[in-house]
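In what follows, chain A forms one complex with chain B and a second complex with chain C.
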Partner chain A sequence: MNFSAASRRRPLDLRSMLPVISLFAVLVPMAIVQPNTVSYFGGVMLLNLGIPIVFATLAQLSVITANELDLSIGSFVSLVACIGGTLLQSSPWLGWGALAGCVLVYALVGALIEYRRISSVVVTLGLSFVWNGIAVLLLPAPGGQAPEWLASLMSFHMPVVPAPLVWTAAIALCTHLFFMRSALGVSLRGVGGNAGAMHRFGWSIIRSKAVLFGCAGLFGVCSGLTLLGLTTSADANIALRYTLLSVAGVILGGGEFTGGRVSPVGAVLGAITLTLASSFLSFLQVAPEWQIGLQGAILIAVLSLRLVFRLKERRQ
Partner chain B sequence: MKSILAIRELRRAVWLWSFIGAVLVGVVAGVVFGVGTAGNMLSTASAFVVFTVLVGLGQMLVITSGPGNIDLSIPATIALAGSIGMRVMATSNHAILSGIGAVVATGVAIGLFNYVLIRLLRIPPIIATLSSSFVLQSLAISLGRGGAAPPPALENFALSRIGGVSGLAFVGVALTLLVAMVLFRLVQGRSLSAVGQNARAAELAGVKVGAVRCLTYVSCSVLAALAALLLAAFSGGATLDMGADYMLLSVAVVVIGGTQVAGGRASPTGVWSAACFLFLINALLNATGAGAGLRAIVYGLLIVGVTAIASGASDARA
Partner chain C sequence: MNQMESVASGESRAGFAVSESVPLIALTRIDVTFGVVRALKQADFAFRTGECVAIAGHNGAGKSTLMSVLSGARRATAGWVEAGDKRFERGYDADTARALGVRCVFQELSLCPNLTIEENMRAVHPQLKGFGWRKRARAIIETQLDAIFPGHRLSGKDLVGALSLSQQQMVEIARCFARVDTPVKLVILDEPTSSLDKYTAEQLLTFVRKSAAEGITTVLITHMLNEMLRCADRVMVMRDGGVIATLPVEGLTKDAIIRAMGQFIEGDVTLRERAAPGATAQDAYRWTVGPRQQTTIDAPRGSIVGFAGLAGQGQTDVLNAIYASARGRHSRDRVAYVAGDRRSDGIFPDWTIAQNFDIRSLYDRTRGSWLKAASLRELFDTWARRLDIRGAAAGANILSLSGGNQQKVLFGRALASDADLILMDDPMRGVDIGTKLEIYRLLQDEAARGRTFIWYTTENDELFYCDKTYVFRSGRVTRELSASECTEEALLAASFEEPVR
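So, the complex of A and B:
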């Protein structure tokens, strides 16, 4: 409706370029202030931090595809890190079972939200406390130990190209193929776009939302495990800020809150931009207390920019 | 005819369930710990519940204004308003009035800021209040260093007891009556319910939807700011994380109290009974030696469970 045939044929409209533009808007000044940024080791260090955030953003993207919002992803990632640091280390079978159970709960919650037609915001807000409570029970004080293989996976070095760059590109490609190219992905986005039409077409909306929330759970597990691999120890509150970061990453990457309009590649770029932005703020020696406020301000700025583009698009 | 009226009356009493819950938990507490301890517990509740009620009333107004409306900036508002209030009063009894003024002004400013974000940038309220809360948090951190103690008169009032009931409870009741009167008797309040039920229909009926929503967000922030002032006075000074618990609590008392999550139907009585219910559950859990982890799980499951049961499938989506 608001995207006419003309705007779709244009290969490079401003809105789809926004993630790339914002990435360079952070990267270029960063490279000027700290030239090591674009070196091999600079890339490894900065991008490594970004991998868990990329996964968390993709989790949020899956939920936003279903026209819902997940306020529990931050505490879920923390819980996964706690499970990984305790159960997965001491008794791997139990650990993997617990993680699989978490993903299943996520999928069930998605089905419940659609079945009872309840607000995902309220449900996930409640759920965030359940995750946090379990994490506190598992790990009352910061600690735990990452499994060997996880730590070595995250510190894996590749010749010439930084390994995290390859990981991120691979993640972006896989999710792009799944959401944008596969038949299942297209139908899942269709559920976000027009659930009524998909229902009349014979798709189960409940099942689709369960699949999307299940994907979010899977990405959340990946996020928690990669985070644990980086930090090697866990904490029940380790990733609470991921809730904001993941929403911001999806928005920065050109996703819409409604209508199933999402872009996995954009979201990955958005997540990396946010990671770089927080490193950049520390390079500039911005006081820590202002960093979180600046991230909020960045989110507001991006949303304003998007509004400008949207108005321009409508005028054309 | 009479029975139909009775049924309708009962259907309207959405707060009844949380009230029954609160009474049941109260009775259990009385049986387990003896009447004396349970009485002390209720006396303590009359102070602690007030903070929850005030933020709950604010959240109730916002949620009532329609699907998708929620204020996530409440904890940050509490942190900021508390530290500004304590700073303005600077432990002086003479500055209490200007302190209250500053706190209310902070609330108004935050509410307006939230509404401007929602309206001008056309962002969903969740995202708008989430991003504004991060900006507010930074402000609170940089302002709140070396937080001052409350003025002695204010602290004495917050800790006062009249016949076992905390002085704060009277403030809470007064504010609740005010909110209830506006909500059920005045045009502004009726407009709010109308907007929450169907914004388009309300607009066609001549309701100024924008003004109503703006007032709603402002009232929510002002109530949260007042809660911050009382909380800081009660606990001997403002701390940055004193609002952290109130994000979940504000939503919990609204949902459990029977306010429709999809908007259009509010229940101030429900906020009170749900707040009592949660406080008593919390006290029971504490008494049985359960830690913070278990408490969080119980609260979370209560919210999810009540939401799933209470919101019928026929209701509008939130």
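So, the complex of A and C:
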């Protein structure tokens, strides 16, 4: 009757491997079609584009951890880029103050959603128009100028290893440590898993959701600034597609909409996969109007694969 | 097995010097109201150090509400709680309860399924933080699991969502008894054995007696009267939101407890003679299910077939497989299912009581294209009366009912349907003894009318109502017992038999 826990072999978890598998499923054919992909400069070019998407995906991941959904992240990232291109350049103090204010608003919205028990979909959808409106006020026409340091940060070169690869790995590691390993991260995920029980044990659900939305705001700011550093000029509609990309990235990375089941490393891989997938379609000279549809098809294929794995697990 | 039982019953009750004078925690004139419903009326009780108090009472008597005040999950509307020399008006909050050493295993499990066992420790103990908290949490919970359930086969790194219901219950119980910094003084166990099998339930009761001897007070809420008599020092009886009697366990009988609860049974429930279940092949259901189609289940029409064995040995899987084949495209069987894990499989938590009841009627063959509100309402009222569903109106949310009453709604849903075949997955969890007896009677009447029941239960007493019993082990049937062979010993022996491969 006595089995020691250590002697049990854990079966290889196919589902947690899925983000890695899907990344390679895109990367390998891409390297065959365009061998330059795996070179130093190829890596820099492709992964650089992915960094803002990675941050946006992590913002979405923070919100999904709280069993909510953020439909405003795309317009929020655009707003941050606009603030960075205008205020941050002309009067840095005001710029940083505005960005800090945005994060605060995000946290307050999280608290409000829990306090009034409103659907986050409705709130963030409304909020997306607010963000978009402010961005248009700040920058009516595309333009603005990225601060010097930001542009040089994004074009920083490292010997041997492409710098964006190092950034992405560092981001994945830090968020993994925070969400999955740290004591605070565990209690935040606990709120996503069983909010009622956490409340009974004396945790404040409002505070937890505020923290998670605050994290989302922080990641959103990072996303907007890195995007600005890449493009060097801003536009009020520059990142609208990030909303759906970020949701897709989280789900592709093994996260689920409810129950606080998320994986930061998976989400980072998912975001990169999506970035590469769109470049891959360009390499294949697929017309841009077909690309979005094909991206959707890739997503559906991966999600069905996940379902197959889950059924297999259940049968065992 | 016998050795295990003798350890439990032979445990000395007077192991710890129970101080009669100063109570550990005293509840005085506690009132709790939800809107217009008075869940608790002037409830008084004093818990002493190192005793085991069992709480008896039918569903909705206020047991769970009283415990939520004691555990700090809910503030009382009036009254106070005294602990040591401190007095808390209208009770205290969860942090104070934790500091006082009060812990609670709730009926609805309060584990986070997306976290591992060790991470779940942190939900209850926020003081587990800083460098190496994981290691400490794992050491504490694994030690505690070893102490209560030797041979549990769980590791701190296991994801809770991947565990079976009974394993989750074990984790929940162990987490409750685990000591991080403040000593544990009082542990509330709300229906702790409801999803445990007999073997693990036995381990738990043994541990409760042992920890009472070490000075830990245990409050045991259960509908199993023999567990109360085995384990408790005193039995608190609740009815209609008040504590109406406190009975010392010496010389106490089951009948005395039932009488005090206000439920009278006219004699014993006798097994009624039924028309002999159809013996010919076309009158019987037959399924071949399980891993590699190796399990064959035969159920003559109009019979009650029991599934027994330790909890989580594949009984539910077989039930699900039977359900799937009965609902299959070419099947002409009409089937209904009573779920055991009502939280995840049974109820629609956002719906009203009546909606939860009505949903099965969508499958009724006689139903037209439109639902008939009036007849549904009438059907609900009939069954609500028959099963004595009380505590909230038909239009109230299902969660406003107590756990046992929710289960009654699920029962009503299946029995009121047009199904010939009713599958039950340990359906009696949290149902009080009076209702249980009523349901046993209903089952026999319905079986006599030709309905067939497949009944998985973890309570061996219930198998005596079955015409035959399949005993499961590791996903296979190890024994098939007829009604006359179905004794406690035979069941236990078969439960531990390894299936022949």
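Here, the second predicted complex is superposed on the first by the 306 of 316 C-alpha atoms of A that agree within 3 Å, B and C clash if a C-alpha of one lies under 4 Å from a C-alpha of the other, contacts with A are read in each partner's own complex, and residues count from 1 in each chain.
Keep this in mind: a contact is a pair of C-beta atoms (placed from the backbone, for glycine too) under 8 Å apart; a residue touches a chain by one contact, two chains touch by 3 or more.
The structure displayed is predicted, hence computed values, not measured ones.
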Partner chain(s) touched by A:193 [first = chain B, second = chain C, both, neither]: second
Touching partner for A:183 - first (chain B), second (chain C), both, neither: second
Of chain B and chain C, the chain that contacts the larger number of chain A residues: B
Chain B versus chain C as contact partner of A:203, first or second or both or neither: second
Partner chain in contact with A:257 - chain B first, chain C second, else both or neither: first
Common interface positions of chain A, toward chain B and toward chain C: none
Residues of chain A touching chain C in the complex: 1-3, 5-6, 8, 181, 183-184, 186-187, 189-190, 192-194, 196-198, 200-203, 259-261
Chain A contact footprint on chain C (complex, rising order): 71-73, 93-95, 98, 106, 108-115, 119-120, 122-124, 126, 128-130, 133-134, 142, 150-151, 153-156, 161
Chain B - residues contacting chain A, complex: 67-68, 70, 72, 117, 121-124, 126-127, 130-139, 141-142, 247-248, 251-252, 255, 261-262, 291-304, 307-308, 311, 313, 315, 317-318
In the complex, chain A residues that touch chain B: 69, 71, 109, 112, 115-119, 121-123, 125-137, 140, 244, 247-248, 251, 257, 287, 289-297, 299-300, 303-304, 307
